[in-house]
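Some structures are shown below for you to check.
Two complexes come next, and they have one chain in common, chain A, joined by chain B in the first and chain C in the second.
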Partner chain A sequence: MSSEVAGYGQYRELLERLLDSPLRLVGYAVFLFALPRVLPIGIGTQIAILGLFALAFNLLFGYSGLLSFGHALFLGTGAYGAALLVVHLDGPPVAAILLAVLVFEGAIALVTGLLSLRLGGVYFSMITLAFAQFFYELSFTVDGLTGGSDGLLGVYRPSLFGAGLVDLADADNFYTLVALLVLLVLGFSFLLTRSTFGRALVAVRENEERTTALGVNTYRVKLIIFVISGMLAGMAGALQGLYIRFVSPDILFWATSGDAVLNTLVGGMHTLFGPIVGTLFLHWMEDTFFATSPGAWNVLLGAVFVFFVLFARSGIVGQLRSLLRRVADWADRREAETTSIAAESDD
Partner chain B sequence: MVLLDAAGLTKRFGGFVAVDDVDITVDTGEVHSVIGPNGAGKTTLFNLLAGAYEVTAGEITFDGRDITDLPEHERPYLGISRGYQITNTYESLTVFENLQTAVALYHQNYYDMIRSLANRTEVTERVETLLERFELAPQRNVEASSLSHGDRRRLEIGMALASDPRLLLLDEPTAGMDAGETERTVSLIQELTDDMAVLLVEHDIEYVMTVSDVITVLERGAVIAEGPPGEIREDERVQEAYLGGKADA
Partner chain C sequence: MSLAANILEGIIYGASLGMLYVLVALGLTLIFGLMEVVNFAHGAFVTLGAYLGISFLDLTGNFWLSMVLAGVVVGVLGLAIERTLIRRLYGEEPIYQLLLTFGLALLLEGAVILTYGQDNQLLSAPALLQGSPVPVGPATVPQYRVFLILFTGVLVAGIWLAIQRTKLGLIVKAGIEDRERAQMIGVRLSRVNMLIMAVGAGLAAVSGFLSGPLLGVSPQLGTGLLIVSFVIVVIGGLGNIRGTIISGLMIGILFSLTSFFYPSLANPVIYVAMAVVLLVRPEGLFGGVGS
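Let's turn to the complex of A and B:
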């Protein structure tokens, strides 16, 4: 970031204000509205759900710097939870399913968070991975409940409020529900990142020692964001189960956690919308290249990942943002040159 | 009035006794310095008082309350604040954001997820005051990592003062500063003590003599002398242990 000058020029100032304004949410809404009209609605729904998952993951990773390598745990248990509720309770309203999953995932995140957050850095990543793998194995073991490797069949989408109110078997309705939830989470993230708690998260990420000395219970701050992130990832899981109408152990496999990491890094980890852009981008790439050459796809994915880590660490959205800033600064410099050198500027 | 009272303070790392049965008191409004050669246990003592290390033996009371086992993050709320020997700021945040963080996390409910921090005028006002007081206003938009050493040290002290502490703990606040910067920092510290106590840990004895009301001398973890600067300068054991080599410097 360029910061040698105290004040900004007018274009840069305007840009910064725009970037910081709630107007961004309108942009996100337009994006989500356009998605199923540009792509087939099935793909649009899948991208929105996995984007929501990456968004939840990034709330933890991007803002507090905690790299969970086990977020599949929340996506998977959320999917199984929703599917089991549908199968065993004869299709309760989806609104009730989502609420139940949020509470359930909050409990799982609280327990796993309490146990894993005592350790920092790579140990935290390893323990979250271990928890997820434990549930992965468990999904085969308790096959009476989960259907084991055959997966859980017979899942369907009940209506949103019961009694046939808002039919979610309809693909448009279901997408609208997903998009509204994504917008809600984006709105919450927007408020969060500008709030005092958001600053506490950044402070923990940048310098935990100093943050403790300033009077912050950093362990509790990390636990709270871990629980929020787990709950939202679990909600994405519930939507995934209802969307596919089938759940198999694959959703708990470590590669699912890896997808969240990849989508977030490629899209932009210190950005709100990056995880969704990353999910869209990688999904599009997979669709384009996996079909033509499945073997080459993994190699290509590796190359993409290496490229972003080495040359574009701020991801697609981060790169776009710094490009906009550079353009604004360039416009300001041009303006300053043309409006005569005689005028003394005092900042 | 006694503000901080530590008695029999001991810290062992395995078989090594870093701080050995130290008694130290700090009164309201006084500058109390702890000096001693390298490895004397100054920084360990400092970290015990700040709560960063657990005490092996002994007890610490602050304003009559036993704080021996109080977690570090709760001590600021009693009025204890600390700086760091190695400058410890938020490197990628600007000067303004560093101070804003220090002010907001102490004075606001840091669990608030909804209200915008930028709109909190009471926070912004305090930050502006700190920027003026520490002569950092021109660098407000500069990232902490690009500040000059002296500016960073002052930012560091500014952050420690964001909580309006009654006792400020400073670990070698002038380390690495040139003469002019040291002088500015010293006069800053003298201004501070109008309404608070300062405990300084120092290696460089020269300005300690001018700024301190009381000096405690540590050697190998134990107190070998305590008193006003004049007395310390004359003390034979101190001269032998610490001043000997650099008496003429």
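Let's turn to the complex of A and C:
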């Protein structure tokens, strides 16, 4: 009995400590190592890149509660940015491309963020969607630069550091780069969400008024996470452009923003790894069973999504976690019972 | 053609397009005003209205009857969705209703693609309105455009009067103003929600069907109109009926005038307009919620 009064039992405590420890990153590394060995490397690379995109989206949505319906803007401009750099600068090192795209996306996110955050709540979703649509339409308008609806051709993958150092035309090398970046972002997010800033983010999500009253500049907190999220989504876009070696306006279409939302909610929005799990699950399903029937896939996807919103809001990872917690609690109860029975028989 | 004629034509073309936007945005704004739900499925109602209308047209051969049938069927669907799904989430954070209706939008759009395929469908204006263009001052305007302005004008005016002058409209306004207080004085908002959801969905369907001859009918028709409607309610204010009507017309006219003079800028320009409003008057051009 005493263990229940004192809080968790030992199994539950062990589980909580495990769930909260940086050791999780080892698990993520194993997952990313296994991914291209279980699935074809092409699909694995695609899942890792789109998973990174969803991860970046969820840094904003999961932790600050701001639902952006316009993250295609960052993925798309990141892809166009990287592709244009390759085509016009005769293949600069990919490391330089990624840095340039990060800076460029930071600027775009700062401007769109300043405007989108002027109105709170549901307006934010509508405004971000509208801004993404602006860039979608713009990609047709400036067709001299983007190739319009034909898309941007002639993209290739230069080496990582220039002068042929680390050949990224090689599929394995490119996947390793993507996986390392995903791990880096996971580690960064892990630290970020445990920092003072991360706590301020969650406070904004849970109760913005009270957080303001506590003296936190919530507008600035939201703007900072919006910019970080946009930069990382843009980096995912640069990887996407280099991976496909072709960019068309489709990447800026609202459905791309929707994918981040879908993958994140199905995977688990208040978790670090959920968006990647969701991307794996949905992308694999679509690729394996519905490649030729988009109508049927949309019907199923819509139904699955509605189910998750109504009945399983914490997503796959969240549900797995509560299952683990229940198992741990059950183990603790059993142990408590057996010890108390043993204690009684001692009397 | 003279510049004045060009501008006049741009304004009239824009007003006919803008009125179609208004029909969509009005439902969006009423539904949000009453239920605090940003209905992402509203675009799917538009698409569904257009496709069902085409099917009814194949069956009956009558444009007007098909329009009414499409509106009624989609209205009933909207009502059913409110009863069975959206109602479960009242009182929760608006984000979850947005997510729920986003899932419904995907589902409905998928159903349209499954049934009708992904190719564009042809929908012509009724034979009655295909005669020679009407001269308006120095400009000439296709009969169907003139009809659109008159018909949707009467429809929107009717809704406006119903909200301003009837007891039911008073209840709707009270609900938009302050749901809790309205319920406290004994208004059964649950029934008003059903009605507004049905009317909003029906209007979206009618707008979808009527925009067919102008914009062509594709599975993406509704989402395109929905995103423009978002721009309109950001400018006009969600829940602000007058603001929604005026900004819908403004956006339609801005689009048309731009497409007359700089065709490639017509699509992006409305988002620039939104950005400018956000910069200068973030609370919307017409102030807060109400009337």
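In the analysis below, the second predicted complex is superposed on the first by the 329 of 347 C-alpha atoms of A that agree within 3 Å, B and C clash if a C-alpha of one lies under 4 Å from a C-alpha of the other, contacts with A are read in each partner's own complex, and residues count from 1 in each chain.
As a working rule, a residue touches a chain if its C-beta (ideal position, glycine included) is under 8 Å from a C-beta of that chain, and two chains touch if they have at least 3 such contacts.
Keep in mind that what you see is a predicted model, and the values were worked out from it rather than measured.
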{"item": "Chain C versus chain B, contacts on chain A by residue", "value": "C"}
{"item": "Which superposed partner A:R210 touches (first chain B, second chain C, both, neither)", "value": "first"}
{"item": "Partner chain(s) touched by A:I224 [first = chain B, second = chain C, both, neither]", "value": "first"}
{"item": "Partner chain(s) touched by A:S159 [first = chain B, second = chain C, both, neither]", "value": "neither"}
{"item": "Touched partner set for A:F197, first chain B, second chain C, both or neither", "value": "first"}
{"item": "Contacts of A:G302 with chain B and chain C, given as first, second, both or neither", "value": "second"}
{"item": "Interface residues of chain A shared between complexes with chain B and chain C", "value": "none"}
{"item": "For the chain A and chain C complex, residues of the former touching the latter", "value": "65, 67, 115-116, 118-119, 121-123, 125-127, 129-131, 133-134, 137-138, 140-141, 254, 258, 261, 265, 293-303, 305-306, 309-310, 313"}
{"item": "Footprint of chain A on chain B - complex, ascending", "value": "50, 52, 71-77, 81-82, 84, 88-94, 100-102, 104-106, 108-118, 120, 138-143, 146, 159, 162-163"}
{"item": "Contacting residues of chain C [partner chain A, same complex]", "value": "32, 38, 85, 88-89, 93-96, 98-100, 102-115, 118, 223, 227, 230-231, 233-234, 238, 264-265, 267-268, 271-272, 274-275, 278-279, 282-283"}
{"item": "Residue numbers on chain A that touch chain B, as the complex places them", "value": "1, 3-7, 188, 191-192, 194-200, 202-203, 206-207, 209-218, 221, 224"}
